[in-house]
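Both complexes shown next keep chain A, but they swap its partner, so chain B is in the first and chain C is in the second.
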Partner chain A sequence: MSDVNTAMVEKYRNNFLKEVANNVEEGEWVRMCMQCGVCSGSCPLGPHWDHPPQELFMMIRANKREEVLTSNSMWMCTSCYNCMVRCPRELPITHIMHGLAHYAKRLGIAPKEQPTNKFSQMFWNNLTKTGRVNELKLGLALYFMNGFSEGIKMSMKMRSIGQGMALTGRMAPMEIFGGHGVKDQKGFHAMLKKAEELEAARVGEHV
Partner chain B sequence: MAKKEYSFYPGCSSQKGASSSNYMVSVDSMCKELDIQLNHIPDWNCCSASIGYNGGGELPRLALSARNLALSEQAHPNQDVVATCAACWLATKETKERLEHDSSMLAETNTALKEAGLELKNDKEVRHMVEVLIEDLGYEDIGKHVKKPLEGLKIAGYVGCQTNRPFGINGESFENPMYLDKLVETLGADSIPTYEKKVQCCGGALAFTEPDKSQAMIKDIIGAAYDNGADMIVTPCPVCQMNVEVYQDQINATFGTKFKMPVVYYSTLMSVAFGKSAKESALNGQVIKAKKLEEIAKK
Partner chain C sequence: MAADKKIGAYICKGCGLGERLDCDQLEQMAKSEGKAAIAKQHDFLCNQDGVDMIQADIDNEGITHVMLGACSRRAKTDAFDFEGVALSRANLREGVIWIRPDTDDARETTQEMANDYIRMGCAEAKHMNQPDASGEQGLTKHILVVGGGMTGMTTALEAAKAGYAASIVEKQPQLGGITAQLFKRIPVRAPFLAPADSGVADLIAEVQANDKITVYVNSTVTRTSGAPGRFAVDIAQESGSTVTEHFGAIVQASGFKPYDMSQLTEFNPDNADVVDQLGLEALANAANGGAIKRPSDGKDVENVLFIQCAGQRSQKEGRLSYCSGHCCSTSIKQALYFKQNNPDTQTTVLFTDLRTPGAGGENFYRAGQDQGVTFLKGEAESVTAGSAGPKVKFDNFLLNETVEQEYDLVVLATGMVPNSGPNPYLAQEVAQAKEDKKDEQVIVKMEALLEKEEAKDSVLNLDYRQGTDMPHLVHGFTDSHFICFPYETRRTGIYTAGPVRRPMDIGQATDDATGAALKAIQVVENASLGRAAHPRSGDLSYPKFRKEGCTQCKRCTVECPFGAINEDEQRYPQFNEARCRRCGTCMGACPVRVISFDNYSVDTVGQAIKSVDIPDEYSEKPRILVLACENDAYPALDMAAMNRTEYSPFVRVVPVRCLGSVNTIWLTDALNSGYDGAVLLGCQKGENYQCHFVKGSEMAHYRMSKIGDTLTQLNLETERVETHEVSITDIQRIPEIINDMAATIEKVGMSPFKF
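Coming up: the complex of A and B.
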């Protein structure tokens, strides 16, 4: 368990709802949930969630901290925003799901082998490297994220799709040697570094 | 009519050799015909889309879009920001609204931006290209540019998620938006206003990480288009376009279907209807060829 996680457990003890309200993006909205279940019924991947949003909200109130934060559930969010536009209380549910996932990750207790957890971190690393996404490197990183032999298998399976994209000019093999990026690398990275510092302080101030 | 100018945010997938570079080609042809000038935001960066939430967290993610907005304010004051990619539009508009409602977050964002020598006033409108077409031009005006009506084509308007929710197009419903259908009719083709999978999620970025679950949804999106007698699917979103087009062989292998359904952008249809060549309409960017559009473009 990470130090931040231990500190948070100490600080909030029996009030996980307060911890979420103070530290999770848009988390203060969880209090507004009236348990109608429209979000759970509207989710395109609903049947695959261990705990759909409505259930997660009740579990937060019931102090089921570890069950919520180590859950596979919010990593199933496709960002379709169906739950959000249908919620009668207008909770920003999509953002709360992203917020819970990110918070679990920040505390070091998110399921590490969860594929969306792995891929979304790769996506972030990829885009922040030069300021723009390198689709070719991202695709290769995805295929090889479960090791070399899995990667070869995936590459074979996806070969015809890659060929289709390359033949239509929608994938450039030369991207492997660099590719697109912003010109002001220095300013871009300095800005992100500052934003990350401020973000860490924002979460840290509630410890 | 006077030239219309916008501060344009093209986004990563629009770049040369990227997955929706064909979208950009047809958007350029479409805009040329409609006398729309897109001024690219200088040195723009990735918006981190929706999937960036994990690595990024709130402020770093907002800072990305804030940098683009600040660069736009600097280079193109008085011009609305316009995006063609659904995720770019959503992330940028979300940032604008979040910072409007949270002054301490805006202050912290500006502290970060200062490191890049920038400052955000946050006074820009952030719009999708579809809004420009509908609100600034209108169906009637667009219709006047049609030189080759897409007669005899039946087209399923697949709106998807992020051009529809949470913001959507003004005056449209989340459950049954009609703008793609109206656009299809304007271009002389037959629309399918009751297409059941119009706003069904394709899986988005989870098509990469949860392929089985996503492809089951994509199968229904394509299947419903066939059931309605569609010749092709049209969409405003790069992720929708790619997900629905490129996995059809894998879906056929899994489900025993025989799908070969072209999936095009609204700008592809418009370019062809405006009399542009197959190349200008980026028909060479179709992994599943839109043969009926190629025939019209050749006429």
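Coming up: the complex of A and C.
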């Protein structure tokens, strides 16, 4: 993936704004930002971001490619859509945030330890295995995300809920062994492979 | 009272007046004390029957003066419009019953109030005459336009389209002004996406083809005398010949010049690759749609920075403190010159506040963004020579960092400096500042400014006692009030339009030109009938003066806010009636009271004040005189009445044309005849004035600052007279001011001058 990153750096050099417009989902909207700051003011998590949306857009214009793409800010977005509803220029800010996160991920430079990034990868891995989400495994993986002892502590804390869910048939303990999946798993994997090829081709077009 | 005056007094019983007041008593009052020949009551005076009754008396009984005891003089003016008679009105509705409670306790004082207003109305009527048109009527409706740029040409064309002949005087050898130097203009038509053709060539052709328009190029105005409807103007041509032409009105559209960028030393103005906006227009014209090349080495510009507010919106010495309004849109337009030739050109606009006024402004801004113009919020610190081009150091406000970057070309958005003539009032202001013993440094600054002003070429060369040019409002712009009275300069019949009036772009200047053309038409039409132009449009009265009483003190000529009064050879004031706005500031100024209007004079108001019944000292019924400006304070009082806001029953309100028309004799007489207090209500004065007659309120405040001496001489407390600045929205504050005065009187006690 870092090949793509190098290629992109090479291709767009001093024009990160153009790179974003061409490669990031809804990225062509970034240039329409008028820097009013309503998005940053509206974001419920804004105070906890290193760079709120308005600042991210400014950084894109100022060619701060590395800082933007390795930032954990856009990963903080909870999709509440406050910014998007309020933007006087009607920018799809929420979508741009996800677009930026996705683009950074694709280039392989997204912050690896960012919890949303980590969990999203976990979810994807879990889902693509059988075509169905294995909730038990996903839940456990989430508990153990931050290390073994943390995982044990969390599991103990949640024990009674887990038992209750098992008793009422809300959670199948046997899922721990393989678990259920879609009927045509072979076809499902072929489909994902094809999608990946298409995506790679599309990205390649821009490299 | 002259024998041919016959007063008819009519008392309305509608709107609750009949129930609240003893109208028989009012009728009796009009007859006995008001000396009305006829006094009648009517249930509903403003309906057709009531109006017909009055008209019948005018026709059959020879009534020459009508006194209406009904609603405010601002109400029902359409119904009470009688030709050929003088009209006064006693405000019984808004002035009495609506501001008093309907209780048994209040009945007596309410009736006294009404009685007094009837007495006052009759006294006013008795001393007024029906005004007839000024003998000094306009002779020509030809309109002169000084300046042949976009504004001037549009003004001439608009006037011509409305059927009025126009002449353009242009200093340059050709028409077109600054617009002719532009490659393209900011779009004024939807969808506002791209720079548009300026259309100046078409406009010049249109002007030249119009047989109602005469054009003088290479010409200047060397002398302007006269008044609206009969200005005599000397037009000097470069060849040396001078012609004298007559005009009805003048529009000054002398435009602007760009701020001198060489003063912006921090931006390296000597660098060939640092240009101002007009400099870039020249480069764009040279490229003519192709790649714009930078001046130093002819390289295609690939990376350009626009620095907004260069030398503008700055409090630094020698810089422009104001926003010129057009520069943001102009920079967007210029950035698009580059983008349209090569979309990959890096164009950056460095701004602190981006403002794109006008209908399409926001769309044009979006169009700029959409086409890839980058907008950076920040401020340039300096420009120096870099290795590959000018190097700019700037603060990026959003990222809170200072950046240094090289560009191929830097464009400075410098502002507009109006092409106005020297400010006629500056010398007076300097003298005043010296007299007031202002701070030494302030005076030095003012004197430096005065020197600069006096070095300026006059645009109009007015032959007025008050100076050669239009008075300035702020920063050298020649207006009287940007919001309340646009175009209306302080010289009647002369209007300013375009960037000499306030900073603006072509689109706004074109609109402005149309407005000025309409104002010019308004004044020539009114002048031709011997009437006031504005704001008292259509007023027939004009100042008359008794020459034998005049002491040639010159106060009227100096204090007239509109430069209407010259001095004749014998040094008597010469009233140029068509220049007059009928505010009465001269009447208020005159120490010997020889100036008056037919329907508004020292007597009409003075006698009304004196006609009020003054109860004796022990009655606990003080009398407070309120002189209220009829433009703002009086309507505010009417509105307070509509809200049924109660105030003291001891006030007697007299509307005045402007507080500037208040002659101190009214106050001296009032206090001498037993009034306990007086309140003067005028408009806001000073720098952000709202006075409809510019200086009237200020003059009044100045004169009233001396009233303390009079009070002391009379052995009266100085608290008894107050002057306030109010606005039309002060509908709660004014009743409070009145009640406060009533409370003050209660505190200091009744006046000892009651007889």
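One rule holds in what follows: the second predicted complex is superposed on the first by the 189 of 207 C-alpha atoms of A that agree within 3 Å, B and C clash if a C-alpha of one lies under 4 Å from a C-alpha of the other, contacts with A are read in each partner's own complex, and residues count from 1 in each chain.
The working rule: a residue touches a chain if its C-beta (ideal position, glycine included) is under 8 Å from a C-beta of that chain, and two chains touch if they have at least 3 such contacts.
Here the structure is a predicted model, which is why all the values come from computation and not from measurement.
Asker: Taking chain A as the common reference, can chain B and chain C both be placed on it without clashing, or not? Answer clash or fit.
Answerer: Verdict on chain A: chain B and chain C fit.
Asker: Is A:183 contacted by the first partner chain B, the second partner chain C, both or neither?
Answerer: First partner only, chain B.
Asker: On the superposed three-chain arrangement, identify whether chain B or chain C touches more chain A residues.
Answerer: Here the partner covering more residues of chain A is B.
Asker: After superposition on the shared chain, which partner residues are touched by A:161: those of chain B (first), chain C (second), both, or neither?
Answerer: first
Asker: Tell me the contact category for A:98 with respect to chain B and chain C: first, second, both or neither.
Answerer: first
Asker: For A:117, select first, second, both or neither according to whether it touches chain B, chain C, the two together, or no partner.
Answerer: It touches chain B, and chain C stays clear.
Asker: Could you grab the smallest C-alpha gap between chain B and chain C in the overlay, to the nearest Å?
Answerer: 19
Asker: Please write out, lowest number first, the residues of chain A touched by both chain B and chain C across the two complexes.
Answerer: none
Asker: Within their complex, state which residues of chain A touch chain B.
Answerer: 25, 44-45, 48, 76, 78-82, 84-86, 94, 98-99, 101-102, 105-106, 115-121, 123-125, 127-128, 131-133, 135, 142, 160-161, 164-165, 167-172, 174-175, 180, 182-184, 187-188, 190-196, 198-199, 202
Asker: Report the residues of chain A in contact with chain C in the complex, numbered from low to high.
Answerer: Contacts found on chain A: 14-15, 17-18, 31-35, 54-55, 58-59, 61-62, 64, 89.
Asker: Would you mind writing out the residues of chain C in touch with chain A in their complex?
Answerer: Residues 346, 354, 365-366, 369-370, 372, 374-377, 396, 398-399, 403 of chain C touch chain A in their complex.
Asker: Could you list, by residue number, the parts of chain B that touch chain A in their complex?
Answerer: Against chain A, the touching part of chain B is residues 12-13, 15-22, 43-46, 48-60, 62-64, 67, 108-109, 111-118, 161-162, 165-166, 168, 174, 200-201, 203-206, 208-210, 213-214, 217, 246-247, 249-250, 284-287.
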